[in-house]
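One structure is given below, encoded as structure tokens.
Order of writing sets the labels: A, B, C and D. Residues in every chain begin at 1.
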Amino acid sequence: MLDSARKGTCMLFSCTIPAAWLLPDKHCTALNELLLFMALGCGCVGQAVLSRGAHGGPMTVSVGFAMAVTIAVYVSGGVSGGHINPAVSLAMCVAGRLKWTKLPIYILAQLLGAFVGAAAVFGIYHDAFMEYSNGTLEVTGPYATAHIFATYPAPYLSLINGFADQVMSTAVLLLVIFAIFDTRNNRVPKGLEPVVVGLLVIVLTCSLGMNSGCAMNPARDLGPRLFTAIAGWGMEVFTAGNNWWWVPIVAPMLGGVLGALTYIIFIEIHHSDNQQGEENDKYDKYELTNM
Amino acid sequence: MLDSARKGTCMLFSCTIPAAWLLPDKHCTALNELLLFMALGCGCVGQAVLSRGAHGGPMTVSVGFAMAVTIAVYVSGGVSGGHINPAVSLAMCVAGRLKWTKLPIYILAQLLGAFVGAAAVFGIYHDAFMEYSNGTLEVTGPYATAHIFATYPAPYLSLINGFADQVMSTAVLLLVIFAIFDTRNNRVPKGLEPVVVGLLVIVLTCSLGMNSGCAMNPARDLGPRLFTAIAGWGMEVFTAGNNWWWVPIVAPMLGGVLGALTYIIFIEIHHSDNQQGEENDKYDKYELTNM
Amino acid sequence: MLDSARKGTCMLFSCTIPAAWLLPDKHCTALNELLLFMALGCGCVGQAVLSRGAHGGPMTVSVGFAMAVTIAVYVSGGVSGGHINPAVSLAMCVAGRLKWTKLPIYILAQLLGAFVGAAAVFGIYHDAFMEYSNGTLEVTGPYATAHIFATYPAPYLSLINGFADQVMSTAVLLLVIFAIFDTRNNRVPKGLEPVVVGLLVIVLTCSLGMNSGCAMNPARDLGPRLFTAIAGWGMEVFTAGNNWWWVPIVAPMLGGVLGALTYIIFIEIHHSDNQQGEENDKYDKYELTNM
Amino acid sequence: MLDSARKGTCMLFSCTIPAAWLLPDKHCTALNELLLFMALGCGCVGQAVLSRGAHGGPMTVSVGFAMAVTIAVYVSGGVSGGHINPAVSLAMCVAGRLKWTKLPIYILAQLLGAFVGAAAVFGIYHDAFMEYSNGTLEVTGPYATAHIFATYPAPYLSLINGFADQVMSTAVLLLVIFAIFDTRNNRVPKGLEPVVVGLLVIVLTCSLGMNSGCAMNPARDLGPRLFTAIAGWGMEVFTAGNNWWWVPIVAPMLGGVLGALTYIIFIEIHHSDNQQGEENDKYDKYELTNM
């Protein structure tokens, strides 16, 4: 089964790369970023799972995934503006900072990139997959490997709790991203935003990662899931976890918009107050520079 | 019991959010920060405990909690001045950098925020709590979960040793915070202070975290403790550990003031010497730029 | 056997240091950098292996190795331009940023430096090696120590998979290095590039380190391998893993060039588009500064 | 025994603090820094040992100790110039960057500070020490706690190997510190040097920490050792490990000078070459800005 999977992978690979060239320039870059991000991110999970903990654990996965975000944002930052997450792109549209017409192409490019990135991880760790599960590709059970690519809920997790988990995680992600890139609130030195985003991903995966792996990114989840469906894991990747697959798509989209609006309503409004700055605000500003 | 707890949580939630709007603008932000900080911080402990070490350990808790501080200070920095700790706010008052009249409102907002943040963690990990302890919420024993929210002393710890521990930890915290934000001593580049505060929290939790979890923050401890008292753990959260609850409130307040005064007396006085700068000090300044 | 090995080491040591002086100035520095890099990098692996995990594990090796890269680039940056990897130097030649005539001398200096760095690790941990394997130096088996110095494939790894692994890892390495040091794309603040390269090495070793240890550097692999061949492990260091030794030399050279070309074709071309900047691009640039 | 130890500690404490006031201003600060550094640094080891690994391990000790260095240098940087290590101070004297007459006072202040810092750790973890070893304070054996304060050689380590280990570690430390603070080579942004020094300490403790704990600092080792001798561990702290105590004093002093001279001879001389800059060097400088 793996051999035919590999053949399929190669074919898909050779289809996607040329397809990328049909996309407008910047969106093609978004594809490359997601490819890079998923190859490195899924690679971290793969290394921890396939080595049975010998070459990785919670800390390498958390730090590795976070630094994959940092690196992807650095590489893409100057060209596509660091769009590696449809939930972020959608929130930018809602906040009026990205044209709505661009959204579908961005999302398509992100999805394709994540798909190819997952294929790259499967290619690089082909022999390790063979050895780990004796040539079978399983979604559940002791030799499950599907969770290397997409997220699945913990056995105890109800759909409603899992949905709330993804809404809240992504809301926090967007709220803080808006804060980091808000030029009026901005205390992060220019050029270090990707590192602080990485630190944010570290704390999110350390604190909210247990329920379902904290996808917070529809492309990061659906792209690799589609890959596994085709590459040999089968349609169980969609039915597993009580048809879990739609949660890490819908919930982050919703949560991202919620987080962005929260930032705008709770924080940005306060900025304008500051700028109209009444006299007695000066004392507060002094206080600010002292702590 | 958990179901009624959940209902109570929801009710509390819906009460606190509107209450927040009654607060003046900036203090409302302080509430949001603490909410963010506690949701992420307690989440790190929760993930390590509830997954029985599979998704976390000392390193993820230490790094995660520290980065939660960093992120909270970044988000709030531009608005409320990064006040996420009553012990810091009190020390600022004593040092003459914050109006005394503002202190009670800050502390109230911080306390409410920490309370709601704890509720968020309980909500997000509701199913995990159910699975971990079979629906019971215990303060002590092998399935204890109360220490996910508030701090409790290690079994060996006497009250006097625990009190000294919290005084010293918070004194060090404040001493270094004053050093980091002191513009005359300041060698931390502008905008990176929250990251260095995070590094400080890493070393404090790695070195002084074993006795009682190194709260160093009355709001971070009392807010979640109040939540657990109401949400189903009961009044044992106050009686446990020989009535431990008041120690992480009183000791950090005392330690914070001590640390701030130590910095002012031992370091700030030396600055003025430097500025009056006698001739033979120049050599030393050269030496300074070389190491 | 170890005693004669030590004598040989000392002799080699005393030969290499004067040999370094025959090299032109900057290349002599390249030697010193590699010496530093390998002494620290191999030391991390050595500490984890020789202490049987008591003083190290996947995280200390990954973070330690990455920070060894950061430190070596900092020390050398001002003099030789941070050339600690022949694959990077070759890619720079192909991209027209380094004179081809300088390449052989750089590579020679890097190789010598890595050789001496490995000798230093063997010297510093001489007694630990004695204790670990009772005076025998083995390439395979439960007391193998050769992998402290050079990389060897995992038992499951086929040559073709291992070759692809090294091509892809090094391609990613070079692609990101070009992005980090590209002044037009550059969002990394000046002087922090070595730290971001370190973060990149963390994610690469956390995600692609399981197959063969992720050498990505011919000098880092061949130099220490030559040392082990001479110092007592014997010619098995070349035959082990199905004559693995040539893979971490040829594949990174190929991958590095591929990664550099990918960056130039996919990203640098887009820069010039941006600079010719049509009117409707301005909206995108605004979008960029907002995320 | 512990009670009398505690009494002795208190007495010593009350003697040292006033003694500090007799020192000139800056050196008194050096004392405070070392106090801070040792309280946090030894605290990390203490937490890992006394909790039997439950609250710490190799990674928390390495990262915690390194961040303790970073924090201590930040606090002291503006006043005493970051002198937290006699080996660094001596090397600065040899390099002509510190007056020889200041050296003895610096070293005395550093030693006193480390002594008091060790006392603080013993005070804070008093109850934990009681519980860990049932009231006995042992230098060797399964309940040994002396290595929380000072360094002791691993059982396999010969004196000559241990001596070489400390010479080499400290030489690398000084070489890189000179590189980081060299204004002509300096690529570390101003104000971030303490963070890069922290990263250096991480890699040193991850790679060269297994033989004897990598003291690299005579004050950090002798001060706490003197404290343990007086506080109840007895004179065995000097005789243990084949009279090991003098090695982490003499070897770092020697290694530090060696490292500083190496930097000056191998790197600083090359700078002047660069500044006299012949025409054909320009190409190299361009190459430098590209990698």
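Keep in mind that, in the parts below, a contact is a pair of C-beta atoms (placed from the backbone, for glycine too) under 8 Å apart; a residue touches a chain by one contact, two chains touch by 3 or more.
A quick map from chain label to UniProt name: A, B, C, D = Aquaporin 9.
Please read these numbers as outputs of a predicted model, since none were measured by experiment.
Each chain gets a centre from the mean of its Cα atoms; the one farthest from the centre of subunit D (Aquaporin 9) is A. Centres computed as Cα averages put subunit B (Aquaporin 9) at a distance of 41 Å from subunit C (Aquaporin 9). Centre-to-centre separation between subunit B (Aquaporin 9) and subunit D (Aquaporin 9), using Cα means, comes to 29 Å. Of all residues in subunit B (Aquaporin 9), those touching 2 or more other chains are 59, 189, 192, listed in ascending order.
Of all possible chain pairings, those that touch are A-B, A-C, B-D, C-D. Residues 25-26, 28-29, 32, 36, 39-44, 46-47, 50-51, 54-57, 59-61, 63-64, 67-68, 70-71, 74-75, 77-79, 81-83, 88, 92, 97-99, 120, 123-128, 130-131, 177, 181, 183, 189-195, 198 of subunit A (Aquaporin 9) are the ones that touch subunit C (Aquaporin 9) when the two sit in their complex.
Put simply, subunit C (Aquaporin 9) touches subunit A (Aquaporin 9) in their complex at residues 58-59, 62, 154-158, 161, 164-165, 168, 172, 175-176, 179-180, 182, 184-189, 192, 196, 199-200, 202-204, 206-211, 266-267, 270-271, 273-274, 283-284, 286-291.
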